[in-house]
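Lettered A, B, C and D in written order, each chain numbered from 1.
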Amino acid sequence: MTVADLQSAGEARRPAIDVLAPEIMDMAFGLIRVLDDEGNPHGPWIGDLGVDELVEILTTMFTTRAFDARMMKAQRQGKTSFSMGSRGEEAIGAVTATVMGAHDMCFPTYRQASYLLGRGRDPLAMMNQVYGNAADENLGTQISGLYTSSEFGFLSISGNLATQMPQAVGWAMAAKIKGDPTVALAFVGDGSTAESDMHAALTFASTYTPPVIVAIVNNQYAISTDEEVARGSAQTFAQRGIGYGLPSLRVDGNDVLAVHGATSWARDRALAGHGPTVIEFVTYRGSAHSSSDDPTRYRPEDEFDEFPLGDPIKRLRLYLQNRGFSNDQANALDEQIRNMIEAKNEEAEAIGTINTGERPSLRHTFELVYETMPPHLIRQRQEAGI
Amino acid sequence: MTVADLQSAGEARRPAIDVLAPEIMDMAFGLIRVLDDEGNPHGPWIGDLGVDELVEILTTMFTTRAFDARMMKAQRQGKTSFSMGSRGEEAIGAVTATVMGAHDMCFPTYRQASYLLGRGRDPLAMMNQVYGNAADENLGTQISGLYTSSEFGFLSISGNLATQMPQAVGWAMAAKIKGDPTVALAFVGDGSTAESDMHAALTFASTYTPPVIVAIVNNQYAISTDEEVARGSAQTFAQRGIGYGLPSLRVDGNDVLAVHGATSWARDRALAGHGPTVIEFVTYRGSAHSSSDDPTRYRPEDEFDEFPLGDPIKRLRLYLQNRGFSNDQANALDEQIRNMIEAKNEEAEAIGTINTGERPSLRHTFELVYETMPPHLIRQRQEAGI
Amino acid sequence: MTNTDESAGPISKMTMIEAIRSAHHVMMERDASVVAFGEDAGAFGGVFRCTEGLQERFGEARCFDTPISELGIVGTAIGMALNGMRPVAEIQFADYMYPGYDQIVSEAARMRFRSAGDFTSPIVVRMPVGGGIYGGNTHSQSPEALFTHVAGLVTMIPSNPYDAKGMLISAIEANDPVIFLEPKRVYNGPFDGDHDKPLVPWSKDPRGEVPEGYYKVPIGKAAIARRGDEVTVLTYGTMVHVAMNAAEITGVDAEIIDLRTLLPLDLEAITTSVRRTGRCVIVHEATRTSGFGAELSAQVQEECFYSLEAPIVRVAGWDTPYPYSQEWEYFPGPQRVADGMLQALKG
Amino acid sequence: MTNTDESAGPISKMTMIEAIRSAHHVMMERDASVVAFGEDAGAFGGVFRCTEGLQERFGEARCFDTPISELGIVGTAIGMALNGMRPVAEIQFADYMYPGYDQIVSEAARMRFRSAGDFTSPIVVRMPVGGGIYGGNTHSQSPEALFTHVAGLVTMIPSNPYDAKGMLISAIEANDPVIFLEPKRVYNGPFDGDHDKPLVPWSKDPRGEVPEGYYKVPIGKAAIARRGDEVTVLTYGTMVHVAMNAAEITGVDAEIIDLRTLLPLDLEAITTSVRRTGRCVIVHEATRTSGFGAELSAQVQEECFYSLEAPIVRVAGWDTPYPYSQEWEYFPGPQRVADGMLQALKG
């Protein structure tokens, strides 16, 4: 694990939003950081987030962590077949959710629960999806954690890695064609940058310069493999963007202010017609890859504690303390959220889990293939006895 | 059409072969040139090619140009269905063919006839392939111009763009695994860099650092579209390599000495275990994209004459004049080669063309699918009456 | 021809290329969300000229060139569709669709399903298919079975200009992803498999009479290209014309069904005919094993088992890549189709 | 079990995973040109552990992790094969093979053909297939028909540890590209479709007795999983076990053929049986339309038309993406297969 070329808080400059890519090539090798280890903010990326907004972000992060932990527990209890968490990465989704506009669109991976929660999705709805129960708005079509929410501008998550990337670029191309003042935000994992889709996305972004933010979440691991397997000889993932002539930033993903500053900058840029931005968010996958994974087979157990960028929740709490939101207040908030999650989970379990309660009908399986069920599916549905 | 950041002859530095990619990022934006407009060589990339070697290269270039012209004429006469030329780009193949070793492997596109000829392939064999006649060693399986020659280290050309790129990287990975002192040379067009295969190739090259040279032939056009459609916001194609942390050079592809210097450097590098090099060769597609194309629909007819890097044959002739190989000698050589091509073409036509003489039997079509013909193909072959 | 109505405007002679262009034109005129793009599809108008004039008329924002990335073409098309557009994407040759296949199969086809209808992907992906132009193994493929196996896709293939236009308009208006296969060998005329004969242009054929305006040929409906009593021929694309020729040379009174939409299939048209004739020949250019003919054969025997008087015959491309020099020995021409008909009659 | 000979060494109890691992081991020991790689295939030994221990034993040069690019995995495998290696590449789930499909179809499958034998591409691409693990639409697919349609590929799918090892060794030694499909639901035991019952481990099954050494199960040869007289069941992979269960619960005396190699197909084994029983049921997990069952059905009716006493029945996955919550209603379990058998008997 390398977090190459760590810059200290406040060191990275903040260019004008109409800056040209060649002028900031160095920023793909640096690291935009605002908060230092004592929770003090530095430099041009500080921004002006108020305590209320910060507490809202903290709320989302607490919610995500409690939600993840609860769902992992449910998986261990055999109540769902699968669970994927985002411990340690919560800042990225929680913060970007507050930056993006009402009509912007997020193209997520399976590790952006904090984005969806940050946009206002009810955890209960997400639990129903995890349990694939009768109240699952996904109607049982997808494995646990592959949420969808057009209401909250969150594309249905694909089980196929990176496929959302060219779609995000296409969505942004459409925005540009229509003249809509909207921006696409696409997330991709470090490992998934190796997929073909990433190249198509960056090539089309480079050619058509639509309003899109390409966010690479470098959480240090794919499944068992270190981020280096995808990064290869390059020093950073932000560097990929340079190859396409796109402005590329590397950002401390566990630093709420840095994430906020960089994403706002990129969004302003996109809205002003200056085109795409590539951002590598450096973070750490604190959880196992999924409930099917055993990380002790490939990394030291205490590695997260040693991670130089720390835990985003701890860091935000420290900063908030400096802003007058006390540790006790934070603890109370955390506890209140845990209770809320526990209560929602009871509600969800009461509706049903993978092996209790009713499930969405097989009828949906037939109905969701085409807009109108064609004759062969009507017949098969009948054969299936429903 | 832009040939961005033209450097003048002799200006580009020549780094040590063990240089690290970050130290030469600027070279992806420059242009290695040796020969000036008066045919005088300059700078650290001059090399030590003797007159004999240069005349050999000129011979290959003359041969390629005469061959292409003759095959295009044959297509116009209805003797083959298709023809693709490489007028203006001959230097790249002709020179690299002399740099690569006996056991190296070339992964070509359809515009590297000069490489194959430079390695010693008999033009007659290539004509037989173009005509798909009874002597076609390709046995009629491929359209005109998609040659194969394991004998000369030249992979069977695919009609699918860029697919050879990850194969070249895999070939080089095998060389590294086995410890063979060999290098793969892979060619790809500017337009084709947009294909997924390119990303896979560069990613795997970046991760495994095998002995491979990735040669992007920027001839200013895909079919009807300017190289800019694939390049997008980037300034050059060599720049792509930077994103993967690979040493990347941009080279005057119409300058025999520059091509020779850069390719030798990259090959030495690879053999010494320093890994891949990306080279963008800047050149100009002097011919139509293929016999199916009408370039007057998308570019001025005299554009080639205005191309700042000129015609590689004219430039080599000028340089050779300065080295004592006179214009008259060059003309004589050219004429002798044209006559040779004319004679070989007569021979090939006598064997057969697309509508005269015998063709390879349909039997081959069945026999070439698997090592041993499986029962269903034996049966189908019998049904086909052969 | 039956779907023409007055509102479709005056009739013009059109090739299939012109009919496809006209469908684009009509739809781009009617609906600002329709956009067309692909490799060389912009200023150049496509290597087969199917999008010619669109950029001039509708501007670069609505008809444009793309980088050479079929993945990018399909992937961005899906993204545009997610943002309310109606993208019509061109793949230069079906042989080059494979880099975009993942986006078609894993994304476009399943978007509605996986999101429980929360998102849809109404894209049209056009691509020329089939042999007969000396294209060798990379310009001759007929990959329809690779689409018909995928739940969530609609797969269509017209055989003449009138259908091509009406079907493409239906495809653009559909709310499901449509794979629109264009048999390139009949772009300019109804090629009947005799490659030595001069090509009959569409201007000499009634199916080349195409209304200039808006009309639709419905998805999921086959057409009877020839009525007959002795044997049912199931086919599509170029092979419709080859089958007509085979009927002529054999004198067999074949009922030739032009399937037009492969998925969803017009099973009723098929079974009605086979139950009557008791014999069935399936004809396609694609390689035989696991070709779409296999599915047709399976369904016919499932539905018409007790009516069949002889084994169903498949006439298809041999199970080899498409050769270059041997093109006309390989192509399932009128003689092979004729033999298939006679075999079905003997049975 | 018939192919075991003395030289294959002592017998061990193995799961299918262990058998696959053992095949790698034996071949990497015998032949220095055999290399194994894929996503997480190196130190981790693969998400299903099929390559576990190989890196430790043979070093990082011969068993290694790759970036997440199925295109890169297949493309570099072809390149290695061109340079004299015998690459065995793992795709983590068949559902993720699509980005590598172009390299498989356009390159590996046609390399020999297009170069007239000048170059070949003897690669093995392994991938887990099939449902039954709550994998939803992206961890449950059975894309075999997408390979059987492609001339130049060999497609294999074992149903038990013994076959898995012997077939994989044959695949690695083959000079053609082989698609090696692994039915993940039977990795650990012969799952018979009753998901509520505890899994029987392979250690309790004679087909889990696997020689530790080198032996081959030949390409292109089917096996009779159960002899019977009333109806022929054509199936493969997991469904072999489900069909056995169906025979049990119905009491139908079915002849169950485990095809093992889908392309090239052992047509003789099929026709011999169907001509005798006069009835045929085809069973697979893949979606029905244009699934491999269509090809089987077409060939059976072409070859055995006059022996058939009833329509051939297909039992297959419904033509929808694979659902998550509804997995066990969707899965073509023993009851559906049993119904298919009874239907074939009625006819």
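Some points to look at:
Note that contacts are C-beta pairs under 8 Å (C-beta built on N, C-alpha and C of every residue); 3 or more make two chains touch, one makes a residue touch a chain.
Note that the coordinates shown come from a computational prediction; the quantities given were computed from them, not determined experimentally.
Of all the chains, the one whose CA centre sits at the greatest distance from that of subunit D is B.
Counted by C-beta pairs in contact, the busier of B-D and A-D is B-D.
Subunit B and subunit D have Cα centroids lying 41 Å from one another.
We define each chain's centre as the mean of its Cα atoms; on that basis subunit C and subunit D are separated by 33 Å. Measuring from the averaged C-alpha position of subunit A to that of subunit D gives a distance of 37 Å. Rounded to a whole number, the gap between the C-alpha centres of subunit A and subunit B is 44 angstrom.
In subunit D, the residues that touch at least two other chains are 66-67, 69, 71-72, 95, 98-99, 102, 106, 113-114, 137-138, 151-152, 289, 319-321.
Counting partner chains per residue, subunit A shows two or more touched chains at residues 139, 141-142, 146, 158, 160, 194, 196-197, 199-200, 203-204, 207, 229-230, 232, 364, 368-369, 376. Note for the complex: subunit C touches subunit D at residues 95, 98-99, 101-102, 105-106, 109-110, 113-114, 137-138, 145-146, 148-149, 151-152, 263, 286-287, 289-295, 297-298, 301-302, 305, 308, 310-314, 319-321, 347. Against subunit D, the residues of subunit A that register as touching in their complex are 81-82, 132-133, 136, 139-144, 146, 158-162, 191-192, 194-197, 222-225, 229-230, 232, 292, 297-298, 354, 359-362, 364-366, 368-369, 376-377, 380-381, 384. Residues of subunit C that touch subunit A in their complex: 35, 61-62, 66-67, 69, 71-72, 74-85, 87, 99, 102-103, 106-107, 111-120, 151-152, 154, 174-176, 220, 263-265, 267-268.
Across the complex, subunit A meets subunit B through its residues 21-22, 25, 194, 196, 198-200, 203-209, 229-235, 239-246, 275.
Of all residues in subunit C, only 39-40, 42-44, 47, 65-69, 71-72, 95-96, 98-99, 133-139, 288-289, 318-321, 323-326, 329-330 touch subunit B in the complex they form.
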